[in-house]
């Protein structure tokens, strides 16, 4: 954490919540990628795989993918101080991670003045919640884990998660 | 996972996504409580505490609390197969969990025919995302962890997370 | 068209748009079913069938089903004078109607004071628009036809489309 | 201001924002009526009257009426701690108040556990903003004035504005 | 249907639903025009004309026009894989088509990287649904017919419906 | 009111509501500032000050600030003929105006083809409504007064309220 940015940018001098003015920032192609992991347990994972493996695009995953994309488009409605912006693209993928989890990745892309980290994180989170919703009749011991940013590019400084 | 409910209730006989008809369910007072943990790192946690400790209700937490409550009200817009419903109440609390995390709890309450687990989980998740958004200028190594249900009561069967 | 209801209920005495007060109506279980038909043409229908027939729940249809359900939940946001209400259930099905069309049915159910015809019609319409969106790279000669109510029950008077 | 209610109900014991639990309140028919006044100036008022008087339901007023009704339905999306609820009815009326103003009234009605003051006030406010929007090419000296509650009935205690 | 575009662009290589990346497309002025036809029957059409003919802009039509414009602005919320974008303009017109129908046209315009066909079609569809809603107390035999694109310009290739 | 603009731009030649095509307007940095005043009465103002004075950013004001910012982002959803657009920035401030009022200012900024007066006015109005909501348990004699534009710059002509 460098000194140069060690302040909470969403609070103004009076300590009140505030948006950040992006009017002076450059319009660039910005991409952010986020990941979330849903631990379903071995029993549910087997069931989900059973229904989905023949095509690897079964209905639970597809519902979650669509929910994630639609939520990424709603990010500025959900996160109070996010800027409203368009999106060039939003992709959500879901992979089975045996023995008990699935891994969601959401990649958001914009040509604009501000990054899309929150769009990627929101897309991944809502896709995870949707998997939870569709499986919760089977168990309430499902846990959404390790929602985090994997990378962002196109802004003032790039970021890449070191474990990648 | 009992046999009696070992099917994905959100898929119909044709394997297509479907809502669950709750028309025949009893109207009861239903409460669900969910938790999420945001690992900010020790540096950011110190900063957040510094700004918030005098009042214990500082702006980062308050913004996240409001975002969580507002998101809980939007659950049926975000989760494709959730029923639209009112809420009697929604409470979000955020506690500092030294040395490096904060813990969010969201409790949703309804008098209705269907539970509010997804409302509680959505509220906790969006509160967590909002904390991320307000702190992300400081670090992108923030991780949202262990989003899970703590308890649900008022439906056909209660649930209490065993570690509680 | 009987005399007893031959007025536009959504205009008040001054001729201005107005909601209808449903406060005095009985709370009953109300079901409405609507249908829409999308004429894709024989080439696209073959393609859609090719991708979807192995599972009969392919991605175009599933995306449209989810869009229809989510739109039904947003009906009061879209139709200015509709009452906001919950839904007990909403089901969307899509059938191939060779040689060139698909048929969408949307069934909405509520326990409430007012019918859900508009929810069923909105769900069918948005499912149809979503099929259009997903197929429009292939042709812009797609036509959405014959969106209509098939039946409604549970209100003051039932309705059943005679051709059914 | 009586002692019995002299606290800010939307802050919990820790001073953080919170919803009020309405689970234990009685389901009653509740009506709230609010008013807002838009001072357009004599020139614009003449113009609006010219276009609208023949039918008394001209397009500026109708657009504002519809915007007000639709906004009343969105109140829980706009006001952070409002409960989501249905509406039995919502009526917006607009009267010319020569020489320079129009007066908007919005009446919201629900059968539920909590009042609809905010729905009535939000409907009146957004109707006023819509009139502003449609007239702002003529002048930016338009002022929205005296937005206030006129009456509420059906809750624990009724309220009637004394000047009525 | 040319070979060059004979694939469903909204499905990725794994057959899962996906947005189309428009980041590399040119920013141009794009216009799309769509039409929908509502068959009201001769009795209702007479009634609608009676109320509206003096001004040809009566309340049913105006409500539908506003609903269509507002829905066009919500297209990306309704159609799962549509890009969120601004609009330079959106116009909805409604014409009486004796003896029994009305014809809606919606024209959407953007300066952007992707077309607005879905905005035009969504605007026309929701205007049609609104007419249905306002007339449904008179009859449930109303049918929304022939919703289709009339033209699109400004993208890689123009389209004009041949019957125009 | 000059002759050159003495028409209601939101009505087309047929007198029907219509958006204004902004496609040909220049992309400029546009700023609008609006103000609203909430008359709480001396008792409530004292209470609000008591809770907030130590930090001058207490929870009532912060909730209202966030509600105002979020509402400004929803302007095109609320005002029927407003263009959907992004925002570079939105700031809401609230000052105590003894003996009985608070004053809200909302400043909206965009780089675009159309002004953000309605965003600023909507942000100020919803912040005012939120203060009302959080204080209404204390009194229903709260009045929202004098919501108006203070300035706009960056468009064809600037505007500055003369009393400023």
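Think of it as A, B, C, D, E and F in the order they're written, each chain with its own count starting at 1.
What we mean here is this: contacts are C-beta pairs under 8 Å (C-beta built on N, C-alpha and C of every residue); 3 or more make two chains touch, one makes a residue touch a chain.
Remember, predicted model here, so these are calculated numbers, not experimental data.
Common neighbours of subunit C and subunit D, by the contact definition above: B, E.
Here the chain-to-chain distance from subunit B to subunit F, counted in touching steps, is 1.
With steps allowed only between chains in touch, the distance from subunit C over to subunit F comes to 2. Here the repeat of C-D among A-B, B-D or B-F is B-D, since over half of its contact pairs match by residue number. The geometric centre of subunit A is 32 Å away from that of subunit C, both derived from CA atoms. Each chain gets a centre from the mean of its Cα atoms; for subunit B and subunit E, those two points are 37 Å apart.
Within subunit D, residues 15-17, 55, 57, 59, 62-63, 66, 70, 74, 77, 80-81, 85-86 each touch two or more of the remaining chains.
Here the chains touching each other pair up as A-B, A-C, A-E, A-F, B-C, B-D, B-F, C-D, C-E, D-E, D-F, E-F.
Those residues of subunit E lying in contact with subunit A across their complex are 12, 14-23, 76-77, 80-81, 83-86, 112-113. Residues of subunit D that touch subunit F in their complex: 1, 5-11, 15-17, 36, 41, 43-44, 47-48, 51, 58-60, 62-63, 66-67, 70-71, 74, 77-82, 117-118, 121-122, 125-126, 128-130, 132-149, 152, 159, 161.
Across the interface of their complex, subunit C is touched by residues 29, 55-57, 61-62, 65-66, 69-70, 73-74, 85-91, 93, 109, 111 of subunit D. Of all residues in subunit E, only 54-55, 57, 59, 62-63, 66, 70 touch subunit D in the complex they form.
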